[in-house]
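Some structures are shown below for you to check.
Below, chain A partners chain B and then partners chain C, in two separate complexes.
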Partner chain A sequence: MSVFALRQPKELYESQKLAIWYFIVAILLFGVQITFGLFMAYQYIDPEFLYGKLSFMTNRTLHVNSMIVWLLVGLMGGVYWFLPLETGREVVGIKLAKFIWWVIVAGVTVVVLVYLFVQVGPGNAFTLWFINEGREYIEAPRWADFAIVAWVAIFLYNVIATALAARRITGLLGVLIFDLVALGALYSAGMHYTVNVTMDQYLWWWVVHLWVEATWEVLVGVVMGWSLMYLLGTPRKLIETWLFLEVALVFGTGILGLGHHYFWIGTPEYWIGLGGFFSALEPLPLVAMVVHAVYDSGAHRLYTVNKPALFWAIAQAFGNFIGAGVWGFMQTLPQINMYSHGTQLAAAHGHFAFFGAYVGTVMTLVYIAAQNARKHVQIPLDSKLWGWAYGLLIFSIIGVVASFTISGFAQTMIERAELGSTWNAFIRAYTHPWYANTHWWRFWMGMLFLTAYLILVWDLVTIGRKPAAAVEGAHD
Partner chain B sequence: MDIVRVEVFLDEASEPLAVVTEPPFRVRLDPAELGEGVHALTVVTYYKDGSSDHHNYVFDVTRKDSVFAGHISQAPLRSPVEVDLVEAVEIEDPKPPNATIYALLPLVLFLGIALVAWWIAVRAESAVTDQPEVQTIARSVAKVAPTAAAPAGGADGATIYASNCASCHGANGEGMGQVFPALAGNDKLADANFVIDVVLNGQPGTSMPAFGGQLSDEEVAAVVSYIRTSWGNAYGPVTAAEVAAQR
Partner chain C sequence: MDYSWIQISVAAVFLSVVITLVLSRGYGWFSRTFWRNAAVVSSLIMLFILMWLTFDTTEKVRPGAGQVPTWTVINHEIALVWDDTKRRQMPVIGEQTGFFGKVYSPEEAYALINKGKMTLQGRNCMECHQILGNGAYYAPDLTRAWLDPWWEERVMPMLGVDTREEAMKTWLQNPDKYPQGKRRMPNLHFTDEEAVALVAFLKWMSAIDTNGFPPRFGVAQ
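Now for the complex of A and B:
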């Protein structure tokens, strides 16, 4: 069979059925992320809320960990969706893939329950192994780390073995394989626990920065490439040429761009120059992706087999550029970062970038799967509701980001630049109206985001159900 | 590639627009024969082994003489177009990928990165609190850290205030913003039991921490007396016995 046209057999491949489970769990965890985010937003307003029961730190752990997990699950789901289409055959080792998937689902459930009901430990080896490893974004206890590494290893095996069995390697597959190697190996850097905080953070950033600003960004390039081929029929040549350019730029700038986290943590001073220079170039590949997306959708005048997926793909290109590129660039030069480091500006950027780059991607993939999961495939896929979910999610995340940006600006100006980082300065910034009043605003924008999420879930369940516009002839 | 037949369906038609059984697998689309609006083209490919698959195209006809063929063609069409249903490269015999590059090299790279991370981590010791190194560090930090209370010889309220309270309530009890109330000229300080309670137990839900664990009865009495008698306050001192009674 073929590897070139993303040909879909009547029955979904087993690996596509698995992908649908990935997407279902991803969307559920998205809900978990939003819930705990709202708890925190309210705790900013009323510190007595859940006082003594569910601390801010526990909520934060759940908020960011569920995010990392659901986005990664969504991206991996995208690979399981497209891999058989790309290679024209069932994924090799699909039984193993299903097995480890249910182990991971069970594991994530246990980890979440332990976070919720145990929360803290004495900080000894037992805590490390069974409760919480204590590093932001990747708090999972060590036993879960091993499960995750096994999971990525099996995933990588699926991809490599399928390509070999299909006797085909495409540009997209080649990039995917090496990217997954880096992604998996870098995770192991987050499993060490060292007495020297500088060393500890030095390695921790390998996971956090080199994941989101290098390996994930490339993984997104691959799955978005497949998505565009599916949505617009963009020629493979065009997709792969752009992909190679993006990979070169992402790795070329992002690897040493790591230095923008090494300015003030006790690492050697040369990182100020290296990090400042290379991270300032990091928006370049993101510009390339916007150009690519606009060019492609323009060339096809937005005619697509799946409207919501195409619109999410376009939002992804812009969101990635603005959230990661612009909001990141804003604070990446050491001259600025010296004042803005660790303020709410980082949170503004974090929310914007993760939403733009990764939520946008996973939504694209989820809508593609939703279209094909039905008995009668509606073409083009469309509904009244998806636009509401789309518009409200984007509007309310911009609202949340705006409130973080304003409070971060107040902190940067008052606490750092004007008053020089004293305790008094901290209090002044903290009590300034630009800081304090944005808490309400953020909370209500969060509530709107939750509403939009519920609309999204409803739309995903119902979209494409009515067979009216389906192309019947092809299927019977 | 063992393609035996390719069928092309237009929109919701149940009869194929074309059935092609031989290379080149092509179909002719003529704008003149298509109604205005969005059209879907479904290409169903059948293979020798009996299996089949499909892929879809969407395109738009805006005026009778110009089909915009979406990804069938990059530009609006003025005349009929021949659409390739199977890419030439798909019919070639596939070459197996190089296993050394795509299987062995990834493994080596994976282990390489993991080893470097491990090597860096090993150079710094493990930091769990039951490690002897960590205990040593904790003890040396404890030795040099300033202690809150003045040593023997009676507690000095002013010193205790300066090192525990002034950062929030101000060196002269002036407070800060809305979060940290002023102590100078604060009526609530008239109630000695209330003040002792707040210092001992803090005020949950506010930024005021509890000091009961780190200050002795004498020290609490000294600092409460200090704030009740300074900066124009004249509410009188309290005794250690009063503090002890409230523990």
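Now for the complex of A and C:
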């Protein structure tokens, strides 16, 4: 038993009960994401499928927006889970946290219904405020933006006030607070309307890149640090040293690595060099995370209090490195990106990176919560099913990524390098067998992914229930 | 700006390393303190450089200041020309020809492009197309849509109209009736005003100097 696991009282903290709601909603939205992803996968095969009723654009809006929300909810849930363990007390302002949570749940429901049934609006400010902002990943209408900022602000208040009340600022808490301030501030950069599309995208990337490639990575570092302390009993000093190293490298490379989104949007040429140089270094912290995870698990001979969580943590380290690091590096240098940018290769990277970096993290957190949510805490947590969900989710996402990668190569060659990037070149690329044949493959891998998701849900509902394997009073 | 990207990169890395080393005197390179200092120093230095470059970029991307054209570019002919000094394609503004048979004043052009941008967002174009290379990957990149030879080669004869702006407007209002390729664009019911504004926005965007993206546009047959 790790020292950190021993701090868990038998009765969950209110904050941990709230975290469980975060995880339930996250897992449900994961299902929403997969469903709309499958609709799109089928529309690639048969473009007439649901044409005009639930067009590709609507499915994709729901696919990417539900992803952003569920992953963020999962990461925040992780903080609510570990914060009382870190500070040794109930979270300050928990009532407010519960209130804003249900406001957000209601708000997300309204936004999803509007996306589904209203879909688009006329070209005026009303649409941007109440229907759809039309900016990929952050389509949420402006009113919802304010709700999100309020939510992050209350979350930040919970963290700071709890740390102050406990008179305890650890390295982990310091990094978390620093990171959340940046995360909230950056989101507001994405709330402006401007007619100048170059400036629009310049700021849009402050949210999209500086969230996903900087502040989220650091947030993951914090919750994974806590997870490793819980799962393996890794000493705090080691965790915090690695965390600082990761922050140094993530922010040191990722902030100016932002420049790899400024190659082709009408911004000055110096971004080509800066973005190329710093984004090429972005995989460095991800290598550090792999070294850290492998070293820690090896040092404990894979012995842990929670088997599925540890395996997801290891998958996270490798998935982050390969999906975000390798697949990202593949196309980040400007001389390659000029041809591959905006092709299916980008989608390959997106699927691999989000799965590796963030799905892996949230799964680790969810299994830790699932272990402690039961009356009897099973130690070590194990089941027959989790391995199937784990293996199949990883296998099928690799299948999806492979299909996007191959169609991406074909598109990059045919549309960009050979035929000159026009409308006709685009059509001739997507009708080429190397591209078109991957559609089926992608769809069936997606179906397998859905199956694995259902196994995962079933496992989460049932794991640790067997009283025979339960260890009475493990927390005492 | 007076500094090259190499100078900025070297200075950023050099300053981060040196300041960290100075602040961490007496601590081993694998101590918590060393890396805490490295984290704070590198974050602040990179953030400072980003802020400084943001001011510079904001000035340089004002319409008419450099790579982003003025609003009235919609009144002119636009073409992509190979620039042998830069060795990439550059948009070149030609003579004034008007837009839908009219010459727009700067204020009118701004209002029209603004309407087009709002329409672009309101109809969620980015979740199928790419705008300056960003968006979804189901439909073609719109960065150079105005300059696409497909309008003359195929759409204008198909619709029986004489000008490119007419062809774009009519096609945008009836994409379901005139499918191009296997994937059909849904009818998004653009009003006349919205369709004209959208075409104006696309024309303006096609004159942005994107450092050569998308490559070899319209070069091959």
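Keep in mind that, in the parts below, the second predicted complex is superposed on the first by the 463 of 476 C-alpha atoms of A that agree within 3 Å, B and C clash if a C-alpha of one lies under 4 Å from a C-alpha of the other, contacts with A are read in each partner's own complex, and residues count from 1 in each chain.
Convention: a residue touches a chain if its C-beta (ideal position, glycine included) is under 8 Å from a C-beta of that chain, and two chains touch if they have at least 3 such contacts.
What you see is a predicted model, and the numbers here were worked out from it, not measured in a lab.
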Looking at the overlay on chain A, is there a clash between chain B and chain C, or do the two fit? clash
Please work out whether A:Y430 is in contact with chain B alone, chain C alone, both, or neither, and reply first, second, both or neither. both
Have a look at where A:I160 lands relative to chain B and chain C in the superposition and call it first, second, both or neither. first
Scan A:L54 for contacts with chain B and chain C and give back first, second, both or neither. neither
By the touch definition at the top of the document, which applies to A:F277: first (chain B), second (chain C), both, or neither? second
Partner chain(s) touched by A:V195 [first = chain B, second = chain C, both, neither]: both
Looking at the overlay, what does A:F251 touch: chain B (first), chain C (second), both, or neither? second
Can A:L128 be said to touch chain B (first), chain C (second), both, or neither? both
Touching partner for A:P268 - first (chain B), second (chain C), both, neither: second
In the overlaid three-chain picture, which partner chain does A:M447 touch, first (chain B) or second (chain C), both, or neither? neither
Where along chain B is the clash with chain C: 27-35, 81-89 or 207-215? 207-215
Need the overlap of the two footprints on chain A, from chain B and from chain C, as residue ranges. 47-48, 51-52, 122-125, 127-128, 178, 193, 195-196, 199-200, 202, 423-424, 427, 430-431
Which bits of chain B are touching chain A when the two form their complex? 1, 9, 11-16, 38, 40, 42, 44-45, 47, 51-60, 68, 70-72, 74, 86-87, 89-90, 94-99, 102-103, 106, 109-114, 117-118, 120-121, 123-131, 133-134, 137, 167-168, 176-180, 204-206
Under the stated contact criterion, what part of chain A meets chain C in this complex? 40, 43-44, 47-48, 51-52, 55-58, 60-61, 119-125, 127-128, 131-136, 139, 171, 175, 178, 193, 195-202, 204, 237, 240-241, 244-245, 247-249, 251-252, 255-256, 258, 261-274, 277-278, 338-339, 341-344, 346-347, 416-427, 430-431
Would you pull the chain C residues touching chain A in the complex into a rising list? 1, 4-6, 8-9, 12, 16, 20, 30-32, 35-36, 38-39, 41-43, 46-47, 49-50, 53-54, 56-58, 60-63, 66-68, 110, 113-128, 130-141, 143-145, 148-150, 153-154, 176, 180-184, 186-188, 191, 194, 197-198, 201, 205, 208-220
Chain A to chain B touching residues, read off their complex: 1-10, 47-48, 51-52, 122-125, 127-128, 156, 160, 163-164, 166-169, 174, 177-178, 180-182, 184-186, 188-189, 192-196, 199-200, 202-203, 206, 232-235, 299-301, 303-305, 377, 379-380, 423-424, 427-428, 430-431, 469-476
